[in-house]
Amino acid sequence: MILPIFLIFSLLTSTSNAAVQDFCVADLTGPDTPTGFVCKKPAAVTVDDFVFSGLGAGGNTSNIIKAAVTPAFADKFAGVNGLGISMARLDLAVGGVVPMHTHPGGSEVLIVVSGSICAGFISSDNKVYFKSLKKGDIMVFPRGLLHFQINAGGTSALAFVSFSSERPGLQILDFALFANDLPSEIIEKTTFLDDAQVKKLKGVLGGTG
Amino acid sequence: MILPIFLIFSLLTSTSNAAVQDFCVADLTGPDTPTGFVCKKPAAVTVDDFVFSGLGAGGNTSNIIKAAVTPAFADKFAGVNGLGISMARLDLAVGGVVPMHTHPGGSEVLIVVSGSICAGFISSDNKVYFKSLKKGDIMVFPRGLLHFQINAGGTSALAFVSFSSERPGLQILDFALFANDLPSEIIEKTTFLDDAQVKKLKGVLGGTG
Amino acid sequence: MILPIFLIFSLLTSTSNAAVQDFCVADLTGPDTPTGFVCKKPAAVTVDDFVFSGLGAGGNTSNIIKAAVTPAFADKFAGVNGLGISMARLDLAVGGVVPMHTHPGGSEVLIVVSGSICAGFISSDNKVYFKSLKKGDIMVFPRGLLHFQINAGGTSALAFVSFSSERPGLQILDFALFANDLPSEIIEKTTFLDDAQVKKLKGVLGGTG
Amino acid sequence: MILPIFLIFSLLTSTSNAAVQDFCVADLTGPDTPTGFVCKKPAAVTVDDFVFSGLGAGGNTSNIIKAAVTPAFADKFAGVNGLGISMARLDLAVGGVVPMHTHPGGSEVLIVVSGSICAGFISSDNKVYFKSLKKGDIMVFPRGLLHFQINAGGTSALAFVSFSSERPGLQILDFALFANDLPSEIIEKTTFLDDAQVKKLKGVLGGTG
Amino acid sequence: MILPIFLIFSLLTSTSNAAVQDFCVADLTGPDTPTGFVCKKPAAVTVDDFVFSGLGAGGNTSNIIKAAVTPAFADKFAGVNGLGISMARLDLAVGGVVPMHTHPGGSEVLIVVSGSICAGFISSDNKVYFKSLKKGDIMVFPRGLLHFQINAGGTSALAFVSFSSERPGLQILDFALFANDLPSEIIEKTTFLDDAQVKKLKGVLGGTG
Amino acid sequence: MILPIFLIFSLLTSTSNAAVQDFCVADLTGPDTPTGFVCKKPAAVTVDDFVFSGLGAGGNTSNIIKAAVTPAFADKFAGVNGLGISMARLDLAVGGVVPMHTHPGGSEVLIVVSGSICAGFISSDNKVYFKSLKKGDIMVFPRGLLHFQINAGGTSALAFVSFSSERPGLQILDFALFANDLPSEIIEKTTFLDDAQVKKLKGVLGGTG
């Protein structure tokens, strides 16, 4: 059975690039929209748009939190634009901590690849869900809720996290409160924190006001 | 405990504006998309994009319906673009009426701030749900259904309405039928209205045909 | 032109309640689902399911924050279930504050009905957007971001807020951190707060650990 | 190459019915939810759940509108539940009319299979889009907008319509206004129609009040 | 009752084109986004954007599969852009076959207009659902699942299919496997097909490698 | 500043479990819905609902494909229900292959934790995107497209994959075609495969017909 190619391909004539939209690789030079970046022209897309090597090495954990978060969101990993998924790498040196934070735009699943991590989140009705995770354990953190990760062992820990959004956002509580020019008086009124505490952390994190 | 700032901030390097998308303030000079206007550059966004003062004063109710609807949709209130919410102000003089209409793109919640309003909607199976609302009452009108509001008291009434869309649309029945060039014959065939009635309202509302 | 009723109605035979779904009034006795409560039987639905009077009076502001938030979410206001919208009333006595909080499930629009309110939010890249709002001003707070409201005047203030979800959630920062059994050590590690500060607020808010 | 079956199938062990959700055939005996009926147990699903023969014959057009609409929504065609698509059949005898109506829950595409149909819709800004369609033409009616279809030829016409929802709803203008107990006074105030016109149509369509 | 036009129209002042978004006709010259093409300027939209005549005639079935698929997706039928619906025409000569394929982006409903079609799909748990459909029968194929259509009678068959997406995509199994440069070795390893079979079909379909 | 607890807590009275919906842990004993399982009662939810240890050990790769896929979808990992995310573990012995397959319900991101994997997908317009991935590389596979993974090195490989759905589905091409009772004649007509090839694989995979 030999199929005449020229005939078969007439079937496909109408299936141009514009007719389908399997993906929408981010074109960072174009405008942004409420649902993601505009798309790179299909003809310019290559397999490298769908592969990202930036999570192969850990971030620098020689900092005060002894931790590093390396994201692969749509601005770095253009292929996930519009697909509702992204990743990040989490390196925790001994004593390392990913401070209390939220992702306003997506839920997160974490898998421990090495070491041990104490992870938890707090729900809207103020219940705390936390547990010490060992290698191979996974934990889900529902969208928008405060959560944290702490190295719970005597060795460095490595985890990968995935998000239900290609740009989930990351609001780190201390940076949101103390690393900008939000007046101390407003912070104190809205958090009940003492003035000395607020000013101390503003000093540390570079905030003013 | 003094945190070395220069180290902490290395954590944030990868969290550029493009990596997150907390909001997408409408850039009305750019193209529109199926899910909203393209976004203003983050660096140009200010708090004024998220604040709108246009609902502070009522619209002019010296018209035949003795009512005014003042919207704060994404074209006026750029900060709501992509966020799935918007508002409008409703002023009803004594005897005022917001005529039968639909919002094709969203559900509506109304709160009576002063006066008394008789509001109602009609479901797909032709049941009528209407009630006289007093100050502080709220009522929801499900997406796409015909509904109306009438001043039910002896004083002017004020209400604010919110929508589950930043551009819910507004199709006022009489304007849709009588304020354009839809031929009278088609209107009559599709509404069962008498020719005289159609022509009378076309005359009043500026329709032709 | 007299239309024979018995014939016209044959057109409608197939449009039963099950064929359409204009709304899905919450049946709180049934199971919950990822997208809302199961629906009350259509035959049992009345206009009162779509009207709520619980925002007519302010909550008690004789408390430490001199403020009260009175929600009309789907559990109280069954008619909004599945419609992607809900409301709440905000009463702020002189000096009143709605502490720093997030709504994990929706964006919020606030309208000042009386008095003056200083409101603001913090974005994922730690910029602060805040402004003093006067009567009639509206402000939008994008989904999931930390925000606050403070009475900015010498009289009590009243505002109504609407959400792009029928159950937007409410995570008040201080309650999430200090009003449960999250161990002080974990709080301190993940927030950089001093031990004395944490224990003081745990004491005040009833937290343990 | 002979694959040992017993080994290959171990790969599939974890892919139970509950692990996937290709479809959710409507179980009309269970509760309804904001996103569709609960699902029939997978083991009870057969090919007949995905096939519907009810559009094979036209509805009775011996009525005043000389037209019949036969829907295949999720309540009749259980297989489309949750899939965001459904269909209906449209029979128009000579002179037949599908009166002005909306589908609150979905957009519609119509294809003319025989005869000729004048179809149109009105947008939120009151522009009219209508055209005479011949056999093979398709037309789209955006969600929630008033639209109509009229037999434009000297023979009966047949069309099939598809919707972007498995339960798009159907609100026929005249039935919504005149086939229930909405008081004439309210109708007149909110539609500008004359009292005589309202009462005449209420009489015809079985309305009261 | 004569309504002063100039007053009534003041009500509409704020309802500009930008305030509503009933539709978003595709502007194929502009950028694509994750949710569809950017919109044509409203002023340039005409009824012809919502009407498409390209399904009036069948495609050429003088090919090896004796079948033709003629799509009306958003690139051809600009009016459906963003509306979540589209159509295609299916012509099957005697012996005609639409080969095994998937639509990654949407569910499909098929209606048989003439002839008889054997249609089926395979679920994730490898169950087969297929049936011989006669004129007037409709069948739904859930999103993303392998399915096929075969002329089951002695005459040509005609069907129209609708999709729950304006660009559902179309991945024809044989073309995906054999009509490109995917190395034979990879195909054989991932499909268990024999080398001779793979090379034969690559030859027929123009594949290399 | 000592806050009177009894007063503060009055603020929270109205924030019951039903008022918020941070998550919806799957109750597998209840009905399924188009958007996920019904929710476990909030009072019965514990941290263990959000943690899953089933990916800690690899599946058995002593099978013909020398590979094992171990999923953590909503039926096993109840906490992800409704959150739009899930995971799976991928073990590839030397020579191991995850055969050509699709996930009808979600996009996938893969991260190589050890070893080397050749992974690829085919788009709707039949282009092939494949690459050899080393430890730390991530690759995204857009929703619904055929894709595969092959151990590309001389040691076993381990990868974790995440999905943009809590129940993405898994349709393995060979099992869909050959592991059921789909008649050989239909397979041959719709895939162009030779009868001998079809029967050989049906034999291997346990198919009939």
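To keep things simple, chains are lettered A, B, C, D, E and F as they appear, and every chain counts its residues starting from 1.
As a convention for this text, a contact is a pair of C-beta atoms (placed from the backbone, for glycine too) under 8 Å apart; a residue touches a chain by one contact, two chains touch by 3 or more.
Here's who's who by UniProt: A, B, C, D, E, F = Germin-like protein.
This is a predicted model, so every value here is computed, not measured.
> Taking each chain's centre as the mean of its CA atoms, which one is most distant from chain C?
E
> If you tally the C-beta contacts, which comes out ahead, C-D or E-F?
E-F
> Based only on mean CA positions, could you tell me how far chain A sits from chain B in angstrom?
Using C-alpha averages as centres, the distance is 34 Å.
> Need the CA-centroid distance for the pair chain D / chain E, whole Å please.
Here the centre of chain E sits 20 Å away from the centre of chain D.
> Centroid of chain C to centroid of chain E, CA atoms only: how many Å?
Result: the chain centres lie 41 Å from each other.
> Whole-Å distance, chain B centre to chain D centre, using C-alpha means?
The computed centroid separation for chain B versus chain D comes out at 26 Å.
> Two or more other chains touching the same residue: where does that happen in chain D?
Within chain D, the residues that touch at least two other chains are 1, 3, 12, 15-16, 20, 22, 31, 33, 35-38, 104-105, 120, 123-124, 126, 130, 142-145, 169-170, 172, 175, 192, 204.
> Just say which it is for the chain contacts: an open line, a closed ring, a star, complete, or other.
other
> Kindly provide every pair of chains that touch.
Taking the chains two at a time, the touching pairs are A-B, A-C, A-E, A-F, B-C, B-D, B-E, C-D, C-F, D-E, D-F, E-F.
> Taking the complex as given, what residues does chain D use to touch chain C?
Listed in rising order, the residues of chain D that touch chain C are 28, 31-38, 59-60, 62-65, 67-71, 73-76, 104-105, 167-170, 172, 175, 204-206.
> Could you please specify the touching residues of chain E with respect to chain F in the complex?
97-100, 102-105, 118, 120, 122-124, 126-128, 130, 142-146, 148, 150, 169-177, 179-182, 186, 189-194, 197, 200-201, 204
> Where on chain A is chain E touching in the complex?
1-5, 7-12, 14-16, 18-22, 24, 27, 30-31, 33, 35-39, 81-82
> Residue numbers of chain D touching chain E in their complex, please.
Against chain E, the touching part of chain D is residues 1, 3, 12, 15-17, 20, 22-23, 42, 46-48, 50-53, 55-57, 72, 77, 79-80, 83-87, 106-109, 111, 113, 120-121, 123-126, 129-131, 133-145, 160, 162-164, 192.
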